[in-house]
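Okay, got some structures for you below.
Below, chain A partners chain B and then partners chain C, in two separate complexes.
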Partner chain A sequence: MSAILELNGVSKAFGAVVVADDQSWTLDKGEAMGVIGPNGAGKTTMFNLVTGNLAADAGVIRLNGETISKWPAARRCRAGIARSFQVPQPFAHMTVFENAYVAATQGAGLSSVQADKLCLDVLERTGLLEKSNVKAGGLTLLERKRLELSRALCAKPSVLLLDEIAGGLTEHECHALIQTIKDVRETGVSIVWIEHVVHALLAVVDRLIVIDFGKKIAEGAPEAIMQSDAVREIYLGLDADA
Partner chain B sequence: MDWINAVIQGVLLGGLYALFAAGLSLIFGVMRLVNIAHGDLIVLSAYLALTVTTALGLHPLLALVIVVPGMALVGYTLQRAILNRTMGDDLLPPLLVTFGLSVIIQNALLAGYSADPQKLQAGEIETASVALGSIALGVMPLIVFATAVVVIAALQWMFYRTALGRAFRATSDNQDIAQLMGLNRAHVFGLAMGLSLAVTALAGVFLGMRTSFDPAAGSARLIFGFEAVIIGGLGNLWGTLAGGVILGVAQTLGAKINPGYQILAGHLVFLAILAIRPRGLFPRIDG
Partner chain C sequence: MSTLTVTRRTRLSTVVLILLAPILIALIAAPWWAGRADLRLMGEIALYMSLATLWNLLAGYAGLVSVGQQAYVGLGGYLFFALTMLAGIDPYVALPLAALAGAVIAAPVAVLIFRLRGAYFAIGTWVMAEVFRLSFAQVSALGGGSGTSLSASIVRGMADGRAAREAMAWWLALGVAVLVIGAVVLFLRSRQGVALTAIRDNEVAARSLGIDIWRSKFIVYVVVGGLTTLVGCLIFLQKLRISPDAAFSVNDWTAFVIFIVVIGGIGTIEGPIIGTLVFFALRETMADLGTLYLIALGLVAIVIMLKAPRGLWGFLRDRYNIEIFPLSRRVTGLNKGA
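The block that comes next holds the complex of A and B.
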């Protein structure tokens, strides 16, 4: 399989604080990759570098083999990268439908008619259809998280970046979310998913990477990674040789 | 009857003020840009119409066919080439640049057209009127008012029903997220300024047909526009029309009491509304 997204030696620092340290990884077409690591490890920063919210100090980011490191965020989105935010950031004064519609017309470049259809389809899948005409500012936290996912999907991404969208869900909701993400993947979308709810992550991803202090410290098959000393140390506070 | 007449004339005048204000309101709403040069751009449109009418022998209303797209193009270019470079978290740089622009436009007009007052000659339509009982309504003021209503309705429809309008509102809501949704901020801002100046062109031509203008006439129009926007409430287009009407009526009633009070009466009403309702009469209800 060929790589759709590739990071090569990507670094970023704010003054003396290194938030991304020589990160390299690739995402294959159609693959789903999970990202774990402690809070403040630089997982969200990594997404910011990929989407263009932040400019990398060094290194190269490639999408389908094309270097996008210098592209503005809007162009990266139109090229196929969409994300959801850990802290939902809807357009609060616009309706749920309009939030999705902006992504469909601007990000996916659809005509008005096509966008209408896609938005309704996506909102139905994410369970927000009956909230279509509600102002996004009036949604509950869980609904906002679903809107994050809806908006990202309406941009018709080839690479979908999900940032902790399973946190705070009930068992049932989490199960529905996993199914939605699996369905999205079936349509050929490649996924990178940052998540603390490990069982949800393991139900979907083929591969895990572990990030700590802005560095990729482990990578491999999910089961092997979860058993590894590095992860046990981070999550359980155990010494590697304890 | 005289008083009723004054109120009606004021309402119609309010249509012109709403046109002054609509473009100002639009760009403030979309990109938080306070355009100090707005009044001078209105006057620039009037001069552009003057050149078109004299060069081609067109009626001023027909000249709109050239002036409106011309000013829209000026707006888009101005935004992309100059104003976008000043946009950021700070309101001050664009404010200063548009102030500079205001000075440049005034002086360029002075150099090009001299300080002599000019007027757009519209012929019979200037004095035509229809009788409503014992009150005579000018045809031109009626056209201007109807245009204002149509423009406001069209802008409202555009904002809430079209892809472009939703892009404007998304940008206004959260620029960073809008860009992550694939929205090209520089282009969207350019379109907003283009649209703003297209409305400004209408206002400028109507101004030039109603009264004489000179290169320094812009600042008073800027103030009237601002007052209409603030009275109506920021971010509310129908409110802007109401604000224009209130300002217009205040002025004609002031003039009725004493011709010297016309402008003063408008400012006093503005001040009173600002004191009682600092967010205007119809502030946007935020979700």
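The block that comes next holds the complex of A and C.
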């Protein structure tokens, strides 16, 4: 399999605080990769660097072999990178449908008729169809998270970046979400998923990377990573030697 | 589920659309039923409605809070006088030409002032307008600081007789108002317009969904600049006299316009229209009171900002969920009861 997304030596610092430290990893076409790490480790920052919401200080980011490090966020989205925001960023005075429509017409570049069709289809899959005509500002937090996913999907991404969308869901909702993401993957979309709900993550991803203090400290098969000393140390506070 | 469709129509918008044609015909026929003073007042209302609609697109949708739109009103006035009197161009050709020139001039201005954000942007637009004012005050061919009058031959050349001229001035004003409001409605309904609305709500998300924010705002600024220039032409065609202070008056062409948009409802199509009607209703009933009139304007603004911060139309819309101009895309056929 060939790489669709590639980070090589990507770094970012705000003054003395290093938020991304020489990060390198690749995502293969059709692959789903999970990202874990403690709060404040720099996971969302890494997404911001990939999507162009933040500019990297050093390093190269490639999409399908093309260097996109200097591209503005909008161009990266149109090239196929879509994300959901950890803290939802709805267009509050527009309806749920219109939120999705923006992504379909701008991010995916669809005509109005094509966009209508795609939006209805995606909203049905994410369970927001009944809320289509509701202003996004009136949604609950969980619905806003689903709107984040819907919008990202309407941009027709080749790489989908998901930032903590499973938190706070009931068992049943979580199961439905896992199924939705698996379905998305079936359509050939490559996925990077930051998630604290580890069992949801493990149900979908083929590979895990662990980030701490802006650095990638471990990478590998999910089961092996979860058993590794590095993860146990971070999550359980165990001394690696113990 | 196969019955789901996406539509913009609401019952109210259909009713308004049906009413629109007879209203428009009645307005076109105004020279036959309205007095001279009324016709002049209606012309002024139409031009203010255009200015307010344009400023609303700029500030309410693109987030470009300009306090310097008098730059384009004045530019329009001066360009119209210069093109007709100095270059000898036919007035009816000069109007679109001036609008085009206004847009061309707005482009480099946008590149310059878009480097400024928020309050600095607002101040920057005002400084720009002052630069325009001082520049035109230097042109001695147009009367320098004391200004000039539109020569009688040009005015006479536009239509035969006084009544015909006044009718023509009204039709031009009405035509521009219809053009401006229609263009803004069509633009906001387009994919580009929906993108602009998204920018209004959340720039971070808009950027991440593929919207080129700078480009969207640039297009809006340039088009608004061109159309404001056109409105400026007609304002001074009606006044027949121009001077730098009147042409680039921040009070007349920006402060009143902001008042209109804010009390009517910023970020809505209907707001500037309703705001203009309220503004003129206040002016016509209270203008004799002198200073008291300005105090009343201030009071109205304060009360509305406190009681209905989204303006009169914003208040009605939020309360009754109505829309005269159909912009929202609604999904119909959802099984609500089931």
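Note that in this section the second predicted complex is superposed on the first by the 242 of 242 C-alpha atoms of A that agree within 3 Å, B and C clash if a C-alpha of one lies under 4 Å from a C-alpha of the other, contacts with A are read in each partner's own complex, and residues count from 1 in each chain.
Everything that follows uses one rule, which is that contacts are C-beta pairs under 8 Å (C-beta built on N, C-alpha and C of every residue); 3 or more make two chains touch, one makes a residue touch a chain.
None of these values were measured; they are calculated from a predicted model.
Touch criterion met: A:Ala73 reaches chain B and chain C at once.
In the superposition on chain A, A:Asp116 makes contact with chain C only, not with chain B.
In the superposition on chain A, contact of A:Lys12 is made with neither chain B nor chain C.
In the superposed model, A:Gly138 lies in contact with chain B only, and not with chain C.
In the superposed model, A:Gln106 makes contact with both chain B and chain C.
Within the superposed three-chain model, A:Arg185 lies out of touch with both chain B and chain C [touch as defined at top].
In the overlay built on the shared chain, the residue A:Met94 is in contact with chain B and with chain C. Once both structures are placed on chain A, chain A residues 51-53, 72-75, 77-78, 82-83, 85, 89, 91-94, 98-99, 101-103, 105-109, 112, 115, 151, 155 are touched by chain B and, in the other complex, by chain C. For chain B in complex with chain A, the touching residues are 162-163, 166-167, 169-170, 172-174, 176-185, 286-287.
Considering their complex, residues 51-53, 72-75, 77-78, 82-83, 85, 89, 91-94, 98-99, 101-103, 105-109, 112, 115, 135-138, 151, 155 of chain A touch chain B.
Touching chain A in their complex are the following residues of chain C: 1, 4, 6, 191, 194-195, 197-198, 200-202, 204-213, 267, 328-331, 334, 336. Taken together, the chain A residues at the contact with chain C in this complex read 51-53, 72-75, 77-78, 82-83, 85, 89-95, 97-99, 101-103, 105-109, 112, 115-116, 119-120, 124, 129-130, 132-133, 151, 155.
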